[in-house]
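All chains are identified by letter, namely A, B and C, in their written order; residue positions are counted from 1 within each chain.
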């Protein structure tokens, strides 16, 4: 196998770079060790916020790329048909002693070039804006350019658009060696064979220090920093309209209260460093911490605990360097690091992709624009859910599967599920992230048996081999009667 | 959009929907339509392959499929129309139903009367907030039952079950009978959540340990579940430190609560009772929305399908009469209130003028009690427990007091 | 004259009386703490020769479902349940099936048949 560029990592960063490079006349291969795009520990498990950009220290890459990224998001979301809502955000001061921090953030933001920042110091106005806000709120920093999106929807859309434009995506492909000869990258060794290339881009997230060390660049280390979240039933309604932040904590932006772009209330994350970069377990103490933290902003949530439908944890790729590590090297030539990307990584992603393209060009990769690059991507149709009756009827007339509802909490049809499989989903989670089947209040209780039938039929695989998310996560490893036939216990 | 006009539309073709549709047709409704989202009529009963159904209604001991088959055949014989694999998306207060299926696309059904019979769903792991990983191998009991007894696949081979309600215990027996190892059934309360007969026939018969006052505090395993940490709990259901231990398993089955499925009811503004999770109904099984009736598990979670059938027939009969303009409004509305040791009562509104079955659920188990209906009627019961719905036949002539009838459970010595 | 006492939970009705059975040399002398005669019969049988209703599934070909629910036409000895389960795990039936069809006659010579619990169409 051979490519001009190999991108290691299929999270939001790797897929952003892939899509950016697909504008040019290049052969690009993206590899990821998981069974699907965004299946690692970060992209599918963060807060989904597009930050305004006042948090980052002026002059850092984070600051610059966050602002640039934020400005690119609306157009990108539109081109790729990914949901994005500019809700605006409020950093809330719950006491007079916290107001000076708001002023600091505002100044920092203005230095970074964040538009429209305003300190609202009228408590009554705050409560008008957010009826469930803690009445003790004295002031808030309002940032109109902050917004919410679905990070895995975007990663999947980027990957699909990149593939449309010629990028080859290899999943379940783990990089084991970066081959360097005479101080230049010669290729990467993977579980599926050797890929010859002169340019290797490391976007391996939680494992980016390991991949970097394979190329001999080992000046940083990644520590996984866990964040836990709760998701609430959509029936809770519009609990908050903006993204609500507390005054920033020691280890991050604090426990946030926001609605997701799909309409669920989301609270979290906390921040705890852990050892195991594959450990996505939530903890009892951590979940309590998140709930208690959220109550500081929205005390009325205390009576809504029974409307929780899910909780999960994500891991941030925290590096021991105080900024994004985005660099090309002299030793070895052709190796680009895009490492230690944590918040505001999602926001910065489109800008990071631009920067990586520049770095590659400076390192000698010829970038000639393709005549036929197609920037447009259509996500899977949601005609029933969005109840556009005429559109739905048209769709069903073309293909009756679009009239057969499978996930009845989210009204996802067989048509959407089959389309998700056509687009590369092979697992229950792959279908879940592409269609939302299984994300509703019954959490897959009703649709799981139907999804398994459909996957088995469409892919021609035995039911016993179908997994939740690849690896050994088989859902139904045994047929009935086989255990009885194995004889006495 | 295809439009239809019917006398009675029934949302849901399980036990409740079938019984109400059949009764509506027999009562004279000219057109009765069942809208069912599954691939066949019968609902959850097809996967309840054990006996215990029909002891009251048919005076026979039938399996779930045997019980519901009688109603399916009756519905077919009566010419009741059914739309299968048809999802009702919304119902408006003026009784217009929007639904969708593959064959016809979008459907618009105008009904003179509607019966809501959507049943219930299971409480999932996410709603419990059990910490730990999110691997494959965690199933709610009903899902495990469907996978095993309809799809024909074993959810796993080394099982821990959380919740000793009847569904949990029944699944313990199913797993054991299919050759799996059931390590334990855990119950957070100090007494089993289901019938004693199920403790004997599902757990004792198969040497499956029942651990009372226990719960799952952590889930382990990356891809597939590898074990759970269990702990003893105190009176406040809090884990007692030092009692934790890890139980190896490859499957966790959750039987921790059933929730009436009232999305459509909420969407049409029908008044719900927070005690039941379902619509407030009167003795006609009519909701707060005129001409909209409800029956089965969507109103409150039942233990015996016989009770579902009984109250669904009332709903169906009332719906037909309403559609034919023959349902007189209640002349009096007595509000039925849960009193001492009563979690909920159904129906919540009575006229007192006709004999009516009353169902109630208690909060705590008690022996030798009197169920007092507003002080006007006293019924003795040897034992009452939360896991068994109490069914009482109310005679006509109840007066109530100040527009209310209070239902109390009193110990025999108290009068 | 050694007497044994055993406690058995009656399962005939929801009350669940905890019957106390007094027996000697394998013979039941008395049954106490039951509220009805059915309970007395049940408790006696439960100690002498416990029986159970039996129901499970068998594999089926040619239908939408892969398994068919079945039950026995009468109760079977409690200790034979797993043997019956293993015996039935060996067979596969063919759709269409009518409710009540005998799937296995006189299973394990216990004097009961195994019948289909539902209709199952070709699908």
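Keep in mind that, in the parts below, a residue touches a chain if its C-beta (ideal position, glycine included) is under 8 Å from a C-beta of that chain, and two chains touch if they have at least 3 such contacts.
A quick note: this is a predicted structure, and the numbers were derived from the prediction, not measured.
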Farthest chain relative to chain B (centres taken as mean CA coordinates): A
Between the pairs A-B and A-C, the one where more C-beta pairs touch: A-B
Closest chain to global C-alpha mean, per-chain Cα centroids: B
Whole-Å separation of chain centres (CA-atom averages), chain B against chain C: 26
Averaged-CA centre spacing for the pair chain B and chain A, given as whole angstrom: 39
Distance from the mean Cα position of chain C to that of chain A, given in whole angstrom: 54
Chain B residues counted as touching two or more neighbouring chains: 148, 150-153, 178-179
Where chain C touches two or more other chains, by residue: 57, 59, 66-67, 85, 89
Chain A, residues touching no fewer than two other chains: 480-481, 484-485
List of chain A residues in touch with chain B within their complex: 230-231, 235, 278-284, 286-287, 306, 308-312, 384, 387, 389, 392-393, 396-397, 400-405, 408, 411, 414, 441-446, 448-449, 452-453, 463-464, 467-486, 489
Chain A to chain C touching residues, read off their complex: 480-481, 484-485
List of chain B residues in touch with chain C within their complex: 39, 46, 49-51, 61, 63-66, 69, 148-153, 177-179, 195-197, 199-201, 205, 382-383, 388
In the complex with chain A, residue positions of chain B that touch it: 1, 37, 85, 87, 89, 98, 100-106, 121-122, 124-127, 129, 131-137, 139-140, 142-143, 146-148, 150-157, 178-181, 217-220, 222-224, 263, 266
Footprint of chain B on chain C - complex, ascending: 9, 11-12, 14-16, 35, 52-53, 55-57, 59, 64-67, 69, 71, 78, 81-82, 85, 89, 99, 117-119
